[in-house]
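Following are the structures in question.
Shared chain: subunit A. Partners: subunit B in the first complex, subunit C in the second.
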Partner chain A sequence: MAAISSDNRGLRLVMRYTVLTLIAIIFVFPLVFMVMSSFKPDLQLLRDTSSIRAFLPVGDISLNNYFDAFDRAPVGLFVFNSVLVTGLTVLFSLFLCSMAAFSFAFLEWKGRNILLSIVIATLIVPFETIAIPLLLMVSKLPWIGFEGFSVGWLNTYRVQIIPWIADGLTIFLFVQYFKDLPRDLIEASRVEGASWWQIYTKVVMPLSGPVLATAAILKFLVMYNQYLWPLIVVQEETYRPVMVGLGYFFQLNTAWGEIMAYLTIITVPVLAFYLVLQRAFIASIASTGVKG
Partner chain B sequence: MAQVKLRDIRKSYGKVEVIKGVDIDVDDGEFVVFVGPSGCGKSTLLRMIAGLEDITAGTLEIDGIRMNDLEPSKRGIAMVFQSYAIFPHMTVRENVAFGLTINKAGKAEKAEKVAEAARILQMEHLLDRRPSELSGGQRQRVAIGRAIVRDPKVFLFDEPLSNLDAALRMDMRMEIGKLHQDLGASMIYVTHDQVEAMTLADKIVVLKDGMVMQAGAPMELYHEPDNLFVAGFLGSPSMNFLEVTVDAVNADNVTVHNTALDPIDVPHKGRSFTVGQTATLGIRPQYLHPSDQASGKLHGKVILTERLGSETVIDVSLAEGAKLIAALAEDTILAPGTAAHFEFDPNQAHIFPETR
Partner chain C sequence: MKLKTTLAAALLGSTGFAGMAMAQTELTMWYHGGGNEVESNILDGIVSEFNAAQTDWMVTVESFPQGSYNDSVVAAALAGNLPCILDVDGPVMPNWAWAGYMQALPISEAALEGHLDATIGRYNGEVYSVGLWDAAVAMYTRQSTLDALGVRTPSLDEPWSLEEFNAALAAAKASGDFEYAFDVGMAWTGEWYPYAFSPFLQSFGGDIVDRSTYLTAEGALNGDAALAFGEWWQSLFTEGYAPGTSQDPADRDGGFVEGKYAFSWNGNWAGKVALESGIDDLLFLPAPDFGNGSTIGAASWQYGVSGTWEHPEGAAAFVEHALQDNYLAAFSDGIGLIPSTAEAAAMSQDYNEGGALEVFFELSNQQALVRPVTPGYVVAAKVFEKALADIANGADVADTLDAAVDEIDSDIESNGGYGH
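And now, the complex of A and B:
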C-alpha cells in the first residue's frame, strides 16, 4: 500500500513540475527571444524566426544594435525620464493614497461611505474617455515654479506625474488592507495617547509592507508603460518617456535588431524593481488568499 | 488611584439602546468586575469609560472630573485588550514604552519605567524579543506592562484572559489579583467568566441587557442575590430553581410547596408575595443533602451520577418533571434509577416572586 501511494505522489509531483515548467517556458520565451535577437543583425534575426535558433545566441553575435540604438535615440534620457516620472508618481501615490485610505478605514466622518463608493466607481472609467477633457484642463492650469508664474502644464514632468498620483485602485487596495488590521491596535494606540498622524506613521505604515509592495508594483507598471498620455501632452524630446521613444525606431525603415536592443534596455528597470519587491508582493498575494 | 462614577449612563446605536441607564461607583483602589452573558453591554460600558465609544447620555466622572468628551489618553486610564493589541513590529521593550515614546518621555525615565514594569511582571528576559516569539501568556504580560508604565488612575481590562488556555488562565488570574494588591490601583475588569469575577473582585456588577442587575461584594451576591438572574448566573453548578405555590405569608417567612417539595418556610427577605401565587424557589446544589424519605423535603429519582473527584454531581428528576442538580460529597454514590430524597436548610434557600 505504502509503496503504491508514494509512487502516486512521485508521479503527481513529476506531472506538476512538468506543467509548471511548460508554463514558465511559455512566459520566458518572448523575453529570451527579445534578448537573443538584440544581439543579431536584422537579416539573420528575421531568418532565425523560422527555427529554434531564434532563442539561441548563434550566428553573427555583437553589441552593434545597442550602439546603433543609442545613436538613433537619446535612450539614456528616455530611461531617465521614465524612471523619474514613475518613481515620483509611485512615491507620491503610496503616501497620498494610503493617507486617503487611512481616513476611509479609521476615521468617522459624514459621507465617508458614499465618497468611498465614488472612489471605487472610478475604477470602471477607462482613461481614453477622460484623456481629452484632462488634456484641455492641464493645458490651462497655472503653475508657480523656479521660473515664476506660468500657465499650461504641457511639456513638463509634472503633467506626467500629478494626474496619476491618486487612483481608485490604489486607495481601494489600502482600504481593504487597513480594514483587516486588528482594530484593537488602533484603539490601543489611541488609549496610549497617539495622535492620528502618529498612528499612521508608527503603527499602520510599519505593518503595511505587503500592501505597499503590491500598490508600488501595480503603479510602477502602469506608469512605466505610459504611452497615450505622454504622447499627447509631451512634444519635446527632453521630457519624453521610454514607450513614446519606441516610435523613433519605426521611422523610415524599421530596425528590428535596434528595437530589440532598446526593449532589452528598458526592461531592466522593471525587472530590477520587481525583484526588489518580489518577496513582499508574493507575501501579500498569499495573505489575501489565505485570509477568510 | 481614583474614584470612577457612572451616573445614568446610556448608549444608543441609532434607535437601539444597548446601555439603559447605568449607575456604578468604583472606589479608590477597588477591583470591580463587570460580568454578564454575551451582549449584556459590559464591554461597551468599559469602552465608554475608556473613551473608545461615545456616551449617548449620562455622566462619567473620574476623580470628580467629567470625562464624557475627553480623548481616551486624557482620562488617566490604561486598557488591556482581549487580543492583547501589542504591536507586532516592535520589540517588547518598544511595546511597553510605546505610550512614553508617543508622549516624548526622556530616555532615562523610559528605561526606568520599563525596567520597573518588567520587574513587576517578571519579564526582564523578554524585553528584546518580538511579539511573534512570545506565548499567549507572555503577550498578555506585555499588554499589562504597557498599561503599568502609563501609571494610570484606573486600569481597564477587557476579557484579558479569554484567549488563554485553562491552566494559563488560572496563573494569569492570580497574577492580576497580585498586581492589584501590589499597585493598589482602581481596576475595572470585564469578563463573562463568573469564576474570574468571584475570585478577583472586591465588587461585582452583574449586567444583563444593558442594565445593572445587582452590584456588591462577591459573597454578598452569592448568598443574597436580588433576583433570579443573579441567583442563576453566579455559582457552579448553577442554582436549582423550582416552581412553587405560596401557601401562607407571615412577617418573615413564606410557606411554599410543590408536588416534589414538602411544605417549608422560607425567609422572604422583604419581598412581597400573595397566597396562591406561583413563585420560584432557588437552592444551590451544594446545600442539598441526601436523607431518607421521612426527613427529606425534596423527592425525586436519580438520572445520572457524575463523579468529579472533589464532589459528586447528581442529576435528579422531580415528580413534576423538573430537574434538579445536587453537588454532594466526593464519596456519595446514588445509583441511577433509585429514589432520592434531599433535605436542606430553608435559610439557605431563596424565594423570588417572579417565575422564569
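And now, the complex of A and C:
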C-alpha cells in the first residue's frame, strides 16, 4: 500500500515537472530565439526560422549584429534614456502614489471615496484618447530650471517622466494592499503618539514590500515600453528612448539580425530589474505579519 | 611684442568667426532616414558643404526613424514645434500643404530643369517639395524562367498584355517549379499597397479617386475598370498564383532569390541585393499593360519648408544646393535609388548607360504616375489598402469597392472637399 502511494507521488511529481517544463519552454523559447538569432547573419536567420535551428547557436555565429547595431543607432544613449526615465518615474510614482493611497486608506476626509472612485475610473480611459490634449498642454507649460525660465516641455526628460508619475492603477494597488493591513498596527501607533508621516514611513511602508515590488514591476514595464508618448513629445535624438529607437532598424531591407541584437540588449535592464525585485518580493513576504 | 601681435590676431580672428557664425540663421531639418547610415552620411556631407559654402544659413539635421516620422511631424505641428526644412513623402505632401504644415518652396524653375517629373512635388500649381531621387517598381524574373515557360520577354515599348501576363502566371504554376508564380509583396503593408498596386488599377482604367475633381472616388474605384481589376486581383489568390496577406516577410525578402517565385513585383532598392545574390540572368521588366497603358508608382521622399517658417528662402537655398548632380549620383550609389536627372544617372554606378539598374531610370521616366495629388490621399490610401487586402482574402469585389468609395467620399465630404 505504501509502495503504491509512493509511486503515485512519484508519478504526480513527474507530471508536474513535465507540465512546468513545457510552460517554461513556451515562455523561454521566444527569448532563446531572440538571443540565438542575434548572432546570425540575416539570410541564415530567416532560413533557420522554419526549423529547430532557430533556437540553436549553429551556423555562422558572430557578434557582428551587435557591432552593426551600435553603428546604426546610438544604442547606449537610447538605453540610458529609457533607464533614466523609467527609474525616476518608478521612484517618484512609488512615493507619491503610496502617499495618495495612504491618505485614501487611513485618513478621514470629506469626499475621499468619491475621489478614489474618480481615480479608479481613470483606469478605463485609454491613453490614446488624452495623448493629444496632453501634448498641447505640455507644449505650453512653463518651467524654471538651471537654464532659467522656459516655456514648453517638449524634448526633455521631464516631459517623459512627470505626466506618468501618478496613475490610477498604482494608487489602486496600494489602497487595496493598505486596506488589508491590520488596523491594530495603525491604531496602536496613533495611541503611542506617532504622527501620520511616522506611521507612513515607519509602520506602513516597511510592511509594503510585496505591493512595492508589484507596483514597481508594473510601472517599470509600462515606462520601459513607452512608445506613443515619447514619439510625439521628443523630436531630438538626445532624449529618445529604446522603443522609438527600434524604428532605426526597420529600413527598406530590414536588418533582422541587428533587430534581434538590439532587442537582446534592451531586454537586459528589464530582466535585471525583475530579478532584483523578485528577491525583494520574496523577502517582503517572508518578513510580513503581525505577531500576537 | 610678438605675443601681443599673436593675441591680437587670434582675437580678431575669433571675433570674425563669431561674427560669421552669428550671421548664419539656423535651419533645423527633419529627416526620415534615422538608422540608414549610408544615407545619413551623404546627407551630412551635403549639409556640411552647404554650411561652409555660404554665410547666411546653417542647417542642422535631426534624424527620425522612417516608420514613425509622419506621426512625429503631425504631433509637432499640433504643438507648434515644426522645424524649418521638412522631409516629406511625395504623396503625403498635398495633405501637409493643405493642413498648413508646409508652404510653397520659393525655388526657381530653372533649378528644376531636367529633373524627373515625379521628383517635383507640385500642389495647386506651386512647387512645395523637391526630391533628390525617385524609386520605381519592376517585375523581377530570370531570363531562364521566361525561356523555360516559353514566354516572350517584354520591353518598355511592348510590355505584356493582360492575356500574356495571365498566361505567364498559369505557365509558371503549371510548371510546378515554384511555390507561387507571382510574389506581389503582400507581406509588406502600409504605403506599399497604393504605391505598388494602384498602378495595376490605373492600367485597367480605374483609380483611387476621380482625378478630374478629386471630390469623389465614385466611378474611379468602383466602375467597370475597377471591377475588372478587382476580379483579376482576387484571381491571383484564388488561382493560387500569389501568396496572400499571410505571406512570410522572410519569403518576401528572400523568396525570389531562393527560387520560390517565378516573378516578383519589387522596387529598384531591392535590385542590388538581387544582383549580388548571384542571379546572372536577372531581368527587370516593365509593368504589364492591362489595357490603359503600363503604369508604375512614383514620387519618393522630398524636401520642403514648414508652414510657419519665416525664412523659406533659406530652405530653398539648401534644396538648390542639394540638387547638384554629384550629390544625386552619390545618393544613388549609396542607397541604390534612381537619380532625378539624366546627368546624375550617367555619373552613377548603376544607372549609367549599360549599368545594372539602368532600366529603372527609363521605367521611372516613361511609366511613372504620381499617386493622386490631393490632401485626401492619406485617408484614401488606407482605405484602398484595406479593400485590396479584403479582396485578396476573398471578400466580394463589388461590395468591397463600393464600401471603399463610400468611405473615401465620406472623408472628402467631412473635410469640406479638401479645398478642391
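A few remarks follow.
The rule is simple: the second predicted complex is superposed on the first by the 277 of 292 C-alpha atoms of A that agree within 3 Å, B and C clash if a C-alpha of one lies under 4 Å from a C-alpha of the other, contacts with A are read in each partner's own complex, and residues count from 1 in each chain.
Here is the rule we use: a residue touches a chain if its C-beta (ideal position, glycine included) is under 8 Å from a C-beta of that chain, and two chains touch if they have at least 3 such contacts.
Nothing here was measured: the structure is a model prediction, and the numbers come from that model.
Superimposing the complexes on subunit A yields a three-chain arrangement in which subunit B and subunit C fit side by side. Applying the stated contact rule after C-alpha superposition, one finds that A:L154 touches subunit C and leaves subunit B untouched. Put subunit B and subunit C next to each other and count what each touches on subunit A; the higher total goes to C. Look at A:R72: by the touch rule set out above, it reaches subunit C but stays clear of subunit B. Contact with neither subunit B nor subunit C is seen for A:A54 once the two complexes are overlaid on the shared chain. Of the two partner chains, neither subunit B nor subunit C is touched by A:C97. By the touch criterion stated above, A:V203 is placed in contact with subunit B alone, subunit C being left untouched.
Once the two complexes are overlaid on the shared chain, A:A194 sits against subunit B while remaining clear of subunit C. After overlaying the two complexes on the shared chain, residue contacts for A:L185 are found with subunit B alone; subunit C is out of touch. Taken over all C-alpha pairs, subunit B and subunit C come no nearer than 50 Å in the superposed arrangement.
Listing the residues of subunit A that touch subunit C in their complex gives 42-43, 46-47, 49, 71-73, 132, 135-136, 139, 152, 154, 231-233, 235-237, 244-254.
For subunit B in complex with subunit A, the residues that touch the partner chain are 50-52, 71-73, 77-79, 81-89, 98-99, 102-103, 146, 150.
By the touch rule above, subunit A contacts subunit B in their complex via residues 182, 184-185, 187-194, 198, 202-203, 206-207. Touching subunit A in their complex are the following residues of subunit C: 30, 34-37, 62-68, 71-72, 75-76, 78-81, 83, 249-250, 253-254, 267, 269-270, 273.
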